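Presented below are the structures under discussion, each in the form of structure tokens.
Presented sequentially are two complexes of chain A, the first with chain B as partner and the second with chain C.
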Partner chain A sequence: MTGRLAWRTATLIVLVAPLVTLVLQAFSTRWFYPDAWPDTLTTSGVRQIGFDSATLAALRTGLVVSGACTIVSCAVAWPAARVLSRPTFAWRGLVLLVLFVPTIVPAVGLAIGLDVALLQLDLAGGRPGVVLAHLVPTLPYTVAVLSAVFVRHDDRSREQAAVLGATPWQAFRMVTLRLVGPGLAVAALFTFLVSWSQYLVTLLVGGGQVITITVLVFSAVAGGNPTSIGVLAVIAALPPVLVLTIAGRTVARELAEPA
Partner chain B sequence: MALPSRASPTSPVSARFDVDRPWGRVARLGPALIVVGGLTGYALTIVVRQSLGVGLGLGLGAGDETGAGAGAGFGSGFSLDAYRRLFGANGFWRSFAFTLWVAGAATTLSVVGAVAVLWHWTRHPGRARRVDLWLMQLNLTIPHVVWTVALLATFSQSGWASRLGAALGLFDRPAEFPVLVRDRFGIGIVLHVVTKELPFLVLAVAPLSGRRVAPLVRTAATLGAAPFQALRRIFLPAVAPALVPAALVAFAFALGAFEPARVLGVTDPRTLAVVALDRYRDPDLAVRADAQAISVVLGLVVVVVGVVVFTATRRWYRRGPDR
Partner chain C sequence: MNDIGEQAPRDGRDSHHGSHGRERAVGGVEVVGLVKRYGRRESRPVLDDVTFNVVAGSFTCLLGPSGSGKSTLLGCVAGLIEPDAGTVAIGGRSMDRVPPHRRPTTLLMQSAQLFPFLSVAENVAFGLRVRGWAAPKQRRRVEELLALVDLEGFGDRSPAGLSGGEEQRVALARALAVEPEVMLLDEPLASLDPPVRRALQRALMELHQRLGTTMVLVTHDVDEALALAEQLLVLDGGRIVAADRPELLYQRPPTRAVARMLGIETALEGTLRNGVLEGRWGSLPVLAENARGPLMGGRTSIWVIRPEHVDISLAETATEAASAPGCLSAVLDAVRYGGATIELSLLTADGTRLAATVAAGSAAPLWSPGRPVIARLPADALIEVTGA
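Then we have the complex of A and B:
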């Protein structure tokens, strides 16, 4: 019993308290040491910084970049995942190894390398280049989640629909998408999260032209104003947390091992 | 009435590009492999070449007014200057040791912690696990930048933890609170990596340990295995195939992580990730080669650790249960 209490306390301090601190900072303007709680809670910081044109622009940029990255990543990963999920495919290990190389390259080296590569390809400095660069860290996860989904999804149901006279488009829309839909949503969610949290790649490849909310949080740290740091950090954390709250149960189900 | 033949297995073109035929597979895997393999390969090639002094002007084309002239003909000769400079500098080995310490300590703590959590869940199934799982999923969704800022606000000397301590009468001044972030020993960076990677490892291994391994452990217990025996001979070998690659990903992350190292670290010693970025953004092109050399060193560390870990795991498997 004491063990459980200690565990619960530890998780609260380490996993929850930091997030609460940010929220408190966001909703206070003068919270001085040694007050354990802000004197007054106010929305003035949120109203000023949260609805600042730079913040809104960065939020929009982040949503556009990560949204585009999610769509492209899913579109590219879908066919690849179908092949990888086939039991007769002999090169599965090798292909997965190649796809997972970016996850074991130290982030700083990968970001620098991608920056020079995209500069060389004349793609750096704009949103398309940043989306392309984000695909490198996101695609491994998209492919992994989707192929786990396809392993469980029986391709024969599509063939049955075809035998019953469905056109390929009908079979896709009415059978495959219904079966794979939740898994696809989870893959999209993961992709979005990985893309949304990219800082270094966005900063370097974007070359100061593509300011996402994640980049803005980091520059606020240098500014040192606790309220603006709090507000921006909460805004940056909001979309992922919202998505997880809505889709949490589907995530748990879709990521479970095939029985 | 639609005919079955419309469903295409008989049409020659779509038959050739069927998911189970070679060309169908190439066409389906191609885009993903080109984007990830091609772009990563290209990026890594450039990093290695530039670290050897080749093509340092790359990317400084027409668009860059400041670097265009300097970039065009710069650094065409192969040389080991960057490595010589790097290894000769005293600061490098300090940063190297510091980086290895931070990444090693953080990965070890994350793996041990994740195994402890998973082992506990295996032995006591269905105990308040939903809350823990949800908290870990929540943690996973928080961007690293946000988490770093949150840790700074909570555990700095005048942070929330210190204030709560003051309210309880534990401290009178911020200086009395232990230096947990922006400390010389990298505790703050380790704290960031452990709090992000431990949940990652648990979530990566939990599906496997929950469904497949738990019954094996129960069987072992029924057959009279002591808890430690079941842990060593059943649980660890069974989760290793998922745990070991995930741990390598965590280690690589810890080695190259920039945000926590910059925000939660001090200026001396700095981790190699911070040094590399500073050198990369230096206006002097020759210094750029240093950044690339550091990236290569970090990459080699991952390769060496990866080979050692995978070989050790394989041997451990081959040797089988010792008597």
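Then we have the complex of A and C:
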């Protein structure tokens, strides 16, 4: 076995082993240490918990919240990233630092602060408030990725399209979006994943009214039922894995094309 | 270069481009009082009250050093940059608040800016596509244009596989596809190798002669400007400092700065007394027809001379003495071999620098730094300029 193959195998084990464990947990009712394998494998847990209406509703809520957050975050980050990518913009480092402050602050402090602020705006306890709250941890990543994309693709292509007769919408659709598409997909991917993994912010700002699948996983962990934890964790992991697989392939294909 | 199709002949004009074969004359450009600042209001304007006219169907070159505001000016005409003050009119129509996509102009940038996700044919067809042309009509037009720029059979290629010259040809075809009244060229040849550059200069001239499209080329290359321009505008410090036919500007530059921009390095400052210019470097007779004022009365003035008009002889073989009228003694300071010619840089005793070019012939080995020479500056070649 070459060193490279050993390295790849080790990486695969580290990445996949926890997921395999979760899947096994989801399909077992009794699996205790030091057993290497569950006593029995059954689909009863998956059927009972996975197809439960509360689970499906939480999955739907999570997709709606993270999907909305991704769209809003990309829309807000787009103009900000364009400004930040300009070589003449002197405050790039400072702005990025300020943007990333919420990701440095402990999650509890951030969640409580956001909850208080959104309560005052009467936005806590609903999906719009949670989406807004998710923007705080997601926006820095969206802006950072998009501004790197815009540094690579400056405004001249859009200007070239304009002088050839393209309206601003045609220039955006036919040129800008084609050029920055893969970068935008990466930014959206990051945003979705960061939003999807938000637990504390969702729990506090949602006030128990907005239950995403991630919140359910944490509740299950508190409950201590390994099967519930396994089933819910696998369900929670499915959308990001799917998004990563589909978008990752598309992005890789696009990026492989000569610029 | 091939023909593009049926277009009306244009009026003939006296120029080195000739008028035969031109098929139409289209929009002229009128720029009045253009001002543009970047940053604070009190900052120095990049364009400072720029006013000029470009004759419809002409080939105009905007010559200026880096940072003189050339690209900003072109951006204002194209509608990509909003001026702080002033107006732009094309073909007699005001372009105030007219967005770039509605202007009868197109802009060729320094980098070809081909869209990498489109084939060569799709790039050329871009302007037609956004105008809603039917696909078969687009295809016919693209074939015509690719033939026009000598790129038949390149339609299916990706821009990634093209050379710099081919890229600019595709960009040229793409710009021509939309039949602009005015084609703005922002140093599109600057990054190309000299042979490719010369080939594209010829292509541009041929296209201009054939199509009669008004062309405005921005360049900092004097040779390019002199070779292509029917009208030459010299931009310096955000202002048009000279505007005339290139041969006239080259023969009689109005200012020292314009002379320098046109490659005339030698400038002699002195006092005029009885038709003789006297300075620390010596004295030279000058002619009244080349002066900007009386030749006497102790007036201080600056005179320039083109390098090819300075006659150089080695001091030991010179037929004229350094004290003869129109002659100065100097020492060769630097020698630059330039193929057909040799560029010489001379220093007079007081440190004044003179530039001269001589034909590179059998005497070439004799031109070596440190050798004393006699420079003859004919009176009819000395031109008075203002110091600005």
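Note that the second predicted complex is superposed on the first by the 224 of 259 C-alpha atoms of A that agree within 3 Å, B and C clash if a C-alpha of one lies under 4 Å from a C-alpha of the other, contacts with A are read in each partner's own complex, and residues count from 1 in each chain.
Here is the rule we use: contacts are C-beta pairs under 8 Å (C-beta built on N, C-alpha and C of every residue); 3 or more make two chains touch, one makes a residue touch a chain.
Note that the structure is a prediction, hence the values are computed from the model and not measured.
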{"item": "Contacts of A:V175 with chain B and chain C, given as first, second, both or neither", "value": "second"}
{"item": "Which superposed partner A:A54 touches (first chain B, second chain C, both, neither)", "value": "neither"}
{"item": "Partner chain in contact with A:A162 - chain B first, chain C second, else both or neither", "value": "both"}
{"item": "Which superposed partner A:V217 touches (first chain B, second chain C, both, neither)", "value": "first"}
{"item": "First (chain B), second (chain C), both or neither touched by A:V16", "value": "first"}
{"item": "Most chain A residues touched (candidates chain B, chain C)", "value": "B"}
{"item": "Touched partner set for A:I246, first chain B, second chain C, both or neither", "value": "neither"}
{"item": "Which superposed partner A:L41 touches (first chain B, second chain C, both, neither)", "value": "neither"}
{"item": "Partner chain in contact with A:W196 - chain B first, chain C second, else both or neither", "value": "first"}
{"item": "Touched partner set for A:A6, first chain B, second chain C, both or neither", "value": "neither"}
{"item": "Shared chain A contacts, counted only where both chain B and chain C touch the same residue", "value": "159, 162-163, 165-168, 171, 257, 259"}
{"item": "Contacting residues of chain A [partner chain B, same complex]", "value": "4, 11, 13-22, 24-25, 33-36, 76-77, 79-80, 82-84, 86, 88-89, 95, 98-117, 119-120, 122, 124-125, 132-133, 135-136, 139-140, 143, 155, 159, 162-163, 165-168, 171, 193, 196-197, 199-200, 204, 214, 217-218, 221, 226, 229-230, 233, 236-237, 240-241, 243-244, 248, 251-252, 255-257, 259"}
{"item": "For the chain A and chain C complex, residues of the former touching the latter", "value": "156-157, 159-168, 170-171, 174-175, 178-179, 257-259"}
{"item": "Sites on chain C touched by chain A in the complex", "value": "78-80, 99-101, 103, 105-107, 109, 111, 113, 115-117, 126-127, 129-131, 158, 160, 174-175, 178, 184"}
{"item": "Residues of chain B defined as touching chain A within the complex", "value": "1-4, 6-9, 19-20, 24-25, 27-29, 31-33, 35-37, 39-40, 42-44, 46-47, 50, 58-61, 63, 127-128, 132-147, 149-155, 158-164, 166-167, 171, 174, 195, 199, 203, 207-208, 210-212, 245, 248-249, 252-253, 255-259, 263, 272-273, 276-277, 280, 291-292, 294-296, 298-299, 302, 306"}
